[in-house]
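Consider the two complexes below, in which chain A is the common component and chain B and chain C are the respective partners.
Up next is the complex of A and B:
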């Protein structure tokens, strides 16, 4: 009887998911029709005027750091919150997860590729407004350095190279610097986090120092994301 | 184009099925990330135009895909990563306290 009951429960759940799939099919049919027969004025405006208004050739960066920069501030606060919560939740400093050390081939390879990863991360952050990349992607690439050190050597060695206080300090610099760069817009008589609107000098589109405050905001976000993800990974891997 | 929407639906329902039926907490977290990645794929599909290039205007391009949905997808990825990290930390704390990951055996969970 209990086996029959179990089978009925499983069938019930499968039926639930299939009903949900039908509902999603109807919904997506409407979304698809909406996309084809209506003109999108906002994205047309971004595509036709975005380079002149912000000076950044990467339109995703101009949406993220100029038109919707306040959204990005909340998004960056999310990483700060997650790192803080993890640092509080898992406060044990002793780690015995990786007992057996790797062979020297792995250690030497990691030593060899770490400078290249650093150069790639710095390139992605600094050229984020004119080519694919940006603060978030470059920050993730930079945080891979700390993660690789943790995985191949140990948590102790990784925290000897990058001290936890230093990482928290870098993350705070990123968070406070982002807000201060946003306040510059208010001091010049415009809105919070406005960039192209406040005439910070859009420059020639396609150069490194163009698009006003955008390279600096990218740098702040890169510092913040790299330190935050390193803190998150090291907190998760620590165990009694 | 239409087949990709079907792929989104299949991924979403696979994730929901994983969340509903599995008992292991790690598998539930995996289901939530599957649902999230299907939504990222949906955002990409909504902004797609046939024959469009990526929205980086270093030359003159005829058709450019929608940059707003790509920015929203970046937001989704970042927030999803943070939330996954917090969920995994909660799972570690629960395992440390109850010595199991089966949600049927974690009884005294309150508030």
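Up next is the complex of A and C:
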């Protein structure tokens, strides 16, 4: 009886996988053939008019931080909420770390690689409206510095270099600065978080200080994501 | 030529995904995840989506692996040797 039961459960699992694969196949087939029979006005408008209207040569950034900037505000608020709730929930205890101490070659390599990571993160944030990248990706790269310090040395050392109060302060600066930059559009007589329509001067497309508010919004999101992810990681590693 | 490489990459993607799900050892599964992410990044670069490739590289190869390693370290897995 038990062998029959085992065989039945195995068949059940395989059947589930096959059903799911067939469902995904049908779904992707339908999505793939979606755009052939109807015109997509909005995406054609973004592609043909995006650079003139927003001044950003990276069209993904022009959608994220100009046309659909309100959605980006929601995503950034989600990370802020997650970091806040984790910092509340996790008790402040003595951190328990790995049982395996690293050799000195790992420590020296981490010391050597951290400045390059910092430069890469700053480049990704500041050039987010020109080349691929942006605030989220650059913020994650900057937060990896704190994560590497936590993994190789200890939580105490990482919190000695980057104090928790400083990280919370930086995250608050990012959160409040994003909303204040959005309110700047209302003061000039346009909508909330409007950038291209508010006549801030888009500048020459391709320069660093162009595309209106976009570099500053990128900077705020980068600060916020980097501090938030570092807080989340350090809070999770402290838990027993 | 690029078609052959493209389809080979898709094949490796499927192989790594199945290995990740059906392997017994949990640490093997965690280390296969950045491999899956690296193949996905190459596919994104061939499809000319560098922004998505950057995000996928950082998320899957960097952040997710660190989080999974920490999570497995916190559990009792592999300590009763």
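Rule of thumb we're sticking to: the second predicted complex is superposed on the first by the 229 of 240 C-alpha atoms of A that agree within 3 Å, B and C clash if a C-alpha of one lies under 4 Å from a C-alpha of the other, contacts with A are read in each partner's own complex, and residues count from 1 in each chain.
The rule is short, and it goes like this: contacts are C-beta pairs under 8 Å (C-beta built on N, C-alpha and C of every residue); 3 or more make two chains touch, one makes a residue touch a chain.
In this text the structure is predicted, and so the values were computed from the model without any measurement.
By the touch criterion defined above, A:82 lies against chain B but remains apart from chain C after alignment on the C-alpha atoms of chain A. Once the two complexes are overlaid on the shared chain, A:130 sits against chain B while remaining clear of chain C. Counting residues of chain A touched by each partner, chain B versus chain C, the larger count belongs to B. With both structures placed on the common chain, the touch criterion links A:236 to chain B and to chain C.
Of the two partner chains placed by superposition, only chain C is touched by A:151; chain B is not.
In the superposition on chain A, contact is made by A:58 with both chain B and chain C. When the two complexes are overlaid on their common chain A, residue A:141 makes contact with chain C while staying clear of chain B.
Common to the chain B and chain C contact sets on chain A are residues 58, 60, 132, 134, 136, 229, 236, 239-240.
Remark: chain A residues 58, 60, 98, 124, 132-134, 136-137, 140-141, 144, 147, 151, 229, 233, 236-237, 239-240 touch chain C in the complex.
On the chain A side of its complex with chain B, the touching residues are 10, 13-14, 16-18, 20-21, 24-25, 28, 31-32, 35, 40, 42-43, 46-47, 50-51, 57-60, 62-64, 68, 71-72, 75, 78-79, 81-82, 85-86, 89-90, 130-132, 134, 136, 206, 225, 229, 232, 235-236, 239-240. On chain B, the positions that touch chain A within their shared complex are 2, 5, 8-10, 12-13, 16-17, 20-21, 42, 46-47, 54-58, 64, 66-68, 70-71, 74-75, 77-79, 81-83, 85-86, 88-90, 92-93, 96.
Across the complex, chain C meets chain A through its residues 50-51, 53-55, 58-59, 62-63, 66-67, 70, 73-74.
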